[in-house]
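Pasting a structure here, questions to come.
The first chain written gets the first letter, and so on, giving A, B, C and D; residue counts start at 1 in each chain.
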Amino acid sequence: MIGLKGQVLRAGLLASVLMVGSAFAASADTIKIGVFGPFTGDAAATGAAEREAVDLAIKEKNAAGGIRGNKIEAIYADDAGKPEEAVNVAKRLTARDNVVIMIGSISSPASLAASQVAAQSHTAQIVVSGTAQKITTMGNKWVFRSPVPDTKLAGDLAGFIHEKFPNVKKVAFLYVNDDFGRGGFEKFKEGGKKYGIEIVDEERYARGDIDFTAQLGRIKASPAQALVEWSRYAEGALVAKQFVQMNMTMPRFGCDGVAIPKYVELGGDAVNGVFYMTHYSSATAANIPAAQSFIAKFKKAYSKVPNAYHSEAYDAITMALLAIEKAGSEDRSKVRDALSKVSFESTRGPFKFDAKGDPTLVTHVVKIVNGKETNGRDIPVQK
Amino acid sequence: MQPAIRLLVLASLAVAPLIQTNTYWQHVFGVALIGAILALGLQLLVGMAGLLSLGQAAFYGIGAYISAALTMRFGVPFILAFLIAGVVTAITSLLLVPIVKLPSSSLAVATLGFNIIVYLILLNEDWATGGSFGLLDVPPPHIFGYELTTERDVYFLCLAVLVLVYLGLDRLVHSRFGRALRAISQDEDAARACGISIIRYKSKCFLVAAFTAGLAGSLYAHHARYLNPNDFTFNKSIEILIMVVVGGLGSLPGAVMGAIVIVLMPEFLRSSGELRLILFGFLVVVLMGVSRGGLAGLAPLLTQRMARLRSSASAKSAEPGEIKS
Amino acid sequence: MSADQLVQGLIGGLAIGCIYSLIALGITIIIRATEILHFAQGEIMMIGAMAGLSALWMVDLPFVLVLIVGMLGGGLAAVLIELSIYRTLRKLRVPLINVIIATLGVSIILQNVARLVWGSEPLRYPPLFRSRGVEIGGFAVSPQLIWIVVLGFAMMALLQLFFRYTRLGIAMQAAAQDPDAARLMGVSVKRTTTYTFVVAGVMAGAAGVLLGSLFFASFNMGFLIGIKAFVAATLGGLGSLSGAMLGGLAFGLIETFSGVLISTAYKDAVGMVVLIAILLLAPSGIFIRPGRRI
Amino acid sequence: MTALLRTKQLTCRFGGLIAVSNVDLSVEAGDVHGLIGPNGAGKTTFLNLVSGHIRQTSGTIHFNGQNLGSKSPHLRAAAGIRRTFQNLRLFREMTAIENVMVGLHANTRSDVFPSLLRTGAQRQEEKEIADRAREALDFVGLLPSANAIAGGLPYGHQRLLEIARALVAKPKLMLADEPAAGLNGAEARELVGLIQRIQASGVTVMLVEHHMEVVMRACNHITVLNYGRKLADGSPADIRDHSGVIEAYLGTKTVYARHCRRNPAEAQYAPH
């Protein structure tokens, strides 16, 4: 009790010093673009991909003289994949760093959380990999999306199964129990109805799970003729391994979460034969010139092949730069309006936004054959 | 006790958003104050009653979702939703009554289990919680016809709640109730011999802590205006525990300080980029070593050292060759 | 539940249970010796996995050597942390809870150091065993899982022998049970405490290599597994060696079968409900060991 | 005069070990009742059974005409049974006066809401608690140390503080478990005085003690336990002359008798 007086005093002083001393001014002669995503935490790998792609594009642009003579500067902010942090960093980017436009985040909840800040601060936001349909259907005109929404991916996948595997009518659906997996599940259920494809077994797992024996066991015991899976690559690779361990043989279909070379690397032989839906794959990019030059540039810079996250992020930054150029000023609403009308050759084909802010891209199917990505749409109809 | 100093602290917290007008910082300050409310509640559990709980984020989440659902679905006015969130959260803490008698390390793991269960309910029961997408567009707080839309308004709301919670807990700690809790934490058998029902008091302590966390959750819901189950995992519980221990076990001002430091420290460390979390980890470890009582115990330590240095320096100049510590 | 699910669940649950057991053993002996709840034990396991993998990258080692390197890595990491941090904290006589929070700090440090060193992407562990299932009695059985179970059990048996028959092991037991008496008998409690961390680290390192070979290695592989191992140790009654072992196996099986039988969405919740129920029925865990309570 | 405390066939087993076996005992109101016996005789277990910290295996305990059954310790405390512990069990990090204030817990009411609102009744009660605590401290002579941290008090003072904590609630029965342990001669004599004053204030005392001088001077009734059984029961004079007691205490008569003759001072202590 004796020390209480002092404690209260110190608490107050420390708090006020921390709070007051927290402003720092930002320099004004560059065009700032806010880039946020999970640079730490469980999804740090995807955040790193976003960063690599943005870095590459900005270096290029600056080497070419920037925009209106100004250099472009990316302000990176880590949301650790958490919605709470995403709100924080979005506020920081828009209020403290005065960015012209924001790119991010990777996960749908973090993107959704940040989109409120985008609307409040009148800053356009380009979501890099959040595929949840909801992001663009909330009536928020400030949010745009680089990837195609899960509705289209799942619907197209159902169509592909119907077209190439006409006998498959009963499927088991395995998904990661978060927005990403749940979105895929809901949309596939809807999309499948059109073709008479029924989900006879629904299995979930938690993000970061490593043991899928229980889920696969239930699927094996169910009447399903095929497995549709909405996983990210790390869990997806383990599912594949355990699928093989259990001597399961049904056809497997995945989503853009596994559209990453790491999936094949981690899964090894076990992923052979998997089909997955994606908006981008080096296997299907052969006739897209922008993709070819992107792959070449990327290989030169990082000596590896870009994955779907890279291409989505690269397209996002490309359209952001285009919009700033077209807007003719750094005014956020002008940039937003310019962005909504943007039209260019992206790494995933001709790019345009629809009224909601979603791209009008075509989707691709990849089949993994001997550890290589091949164009899945080329396969004959399976009897 | 020291009204002048309390006023000074209050004044400095009150002017902080007026001096720092950037809305981002005002937002973060608000988050820090909400963290302080959370830490105060946990301080009662851990610091006063010696109950190591790793499930405080569960109560925080329950309060947040209740408040958001009430205002969004049923149009309940904010003030009412805020209070109901606190009360209902407190009631849910009664679920823990059977486990309060567990020894400390088992209690820690059991409360962690409680947190995981609550998290999974928030995640899986879409009809009530919006599932993994969470709840969007939670309305800003309305008070007596005013809509608190700016960061600064919400900050002052949080500050007001913090002050009330602080004063309330301060009163509790210095009452028969608080003495009973501290007695339990120091010697359960002796406390029972003094007529204290261990289970009842531990349960009441959880009740009060949950009430506080529920209020903090409600504030968070209307401050961040977006709720997602991922913000209420046991990682959050651990973060709150770190706030309390860093601030100093058993000290209410310490809890406030710990929360502010833990929320703001990563913001300051952001410029150190990749090394940020490593530095954060080191700071936590070092702080645990330099001061028994966390931040609350740090300053008297420093003043002691300073005084000792000064006296030894003067002793040195007076009588060279004889230095006593 | 079909017979196939039963077999798969048993083998899968036992394999993951063995890994929990190895980590839980470390947690348990640390609690016995120091009363510290060691939240960084999962990260020590991760370091073990990374050490094994790095050795494998440098030279193509047979699996047994990878395992040994992993154990060394875990032990080394543990002893470094113990000497530099925990021992200092104990010397400063800070309250126990401070040390426990410091272990959380250590966990954050290790994770992020590992992220800088080994990157944020999951790393592929070369298949150390044949992974395609072989048919035994009409069931697909993975040789890899069988190996994990065999190695896990062997490791635990070795540990039991160590504690029962070696001088150091007996001294460590004695120091943990009654430090004052042990001191009188000429045991350096300070040293046995450090050895306790080494042994715990070695066990965790082994778990890391086994886990890595079954799944993959990544900087954040440790935390969740560490927490689950904690639950396993609690299940078995914190402080008991056989309790930790059986608790780990039990938790692995509970997890798997609650997924099979009840709901995969609430898989983790079922495990927690079982834990809480068991704690209520037997507050000191299923395998009660008379002795000091923590 | 009716007995304040009466046990019938009280038995307590730990596994195979019988700590207390079929003990019939009654404590008259107003007495200082000594409970002695060699180490392991079951004295402390007996106290724990009465205070409720341990449950009996069989038998009954009646207090103040009421069967205590399996009432928890805090209810027994509320009913008027208070105790001290063999190994000091103070709330070490609280001040002396706070320790004593906790002793009044069962006798006071105000809880969460009155404390939050700081109602008139609550403030009145807090004041009373503080006053009574000071009174109790004064009674044992610790008033000057009221604001000292309990764990930092000298050993003898900690013993007194524990007594004050038990006394503050004006219990009907105080169970004192070896209050003289670790005290020096002068302190032990003061303790006898204190016990007599406690008795005079109307509190019945049950005293477990090894310090024979204290027992013989303070008690007006003594029960001897050996191996959990009641061995003897009577006035101090009866006990002194009871052959069975001497045997139980001193084992082989001759050896210790000689020893005691040579060191009369030591004979007051029971062999450890």
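The rule we apply is simple: a contact is a pair of C-beta atoms (placed from the backbone, for glycine too) under 8 Å apart; a residue touches a chain by one contact, two chains touch by 3 or more.
The model shown is predicted, which means the values in this text are computed figures rather than measured ones.
J.: Compute the shortest path length in steps from chain A to chain D over the network of touching chains.
T.: Step count on the best path from chain A to chain D: 2.
J.: Check every other chain and keep only those touching both chain B and chain C; list them.
T.: A
J.: Centre of all protein Cα atoms: which chain's centre is nearest to it?
T.: Taking the mean of C-alpha atoms per chain, the most central one is B.
J.: With chain centres defined as C-alpha means, what is the inter-centre distance between chain A and chain B in Å?
T.: So the centre of chain A lies 34 Å away from the centre of chain B.
J.: Can you give the whole-Å distance between the Cα centres of chain B and chain D?
T.: For chain B versus chain D, the centre distance works out to 42 Å.
J.: Would you kindly tell me how far, in whole Å, the mean C-alpha position of chain D lies from that of chain C?
T.: The answer is 48 Å.
J.: Taking each residue of chain B in turn, which ones touch at least two of the other chains?
T.: Residue numbers touching two or more other chains: 124, 277.
J.: Quick check on chain A: which residues sit in contact with 2+ other chains?
T.: In chain A, the residues touching two or more other chains are 40, 177.
J.: Name the shape of the chain contact graph, picking from line, ring, star, complete and other.
T.: Graph shape, chains as nodes and touching pairs as edges: none of the named types, so other.
J.: Please give all chain pairs that are in touch with each other.
T.: Chain-chain contacts present: A-B, A-C, B-C, B-D.
J.: Considering the complex alone, what residue numbers of chain C touch chain A?
T.: Counting only chain C, the residues touching chain A are 1-2, 4-5, 8-9, 11-13, 16, 112, 115, 119-122, 124, 127, 131-133, 135, 140, 142, 144-145, 211, 214-216, 218-220, 224, 255-260, 264-265, 267-268.
J.: State the interface residues of chain A toward chain C in the complex, per the touch definition above.
T.: Residue list for chain A touching chain C: 40-42, 44-45, 47-48, 177, 203-206, 208, 210-211, 213-218, 220-221, 234, 237-238, 241-242, 244-247, 262, 265-266, 268, 270.
J.: Touching chain A in the complex: which residues of chain B?
T.: For this pair, the touching residues of chain B are 1-2, 5-6, 8-10, 12-13, 15-17, 19-20, 22-25, 27-29, 31-32, 123-124, 126, 131-134, 136-137, 151, 224-226, 228, 230-231, 248, 251, 253-254, 256-257, 260-261, 264, 267-268, 270, 276-277, 295-296, 299-300, 303.
J.: Looking at the complex, which residues from chain B come into contact with chain C?
T.: Residues in contact with chain C: 46, 52, 98-99, 101-106, 108-110, 112-114, 116-117, 120-121, 124, 234, 238, 241-242, 245-246, 249, 274-275, 277-278, 280-285, 288-289, 292, 294.
J.: Under the stated contact criterion, what part of chain B meets chain D in this complex?
T.: The touching residues are 168, 171-172, 175-180, 182-183, 186-187, 189-198, 204, 208.
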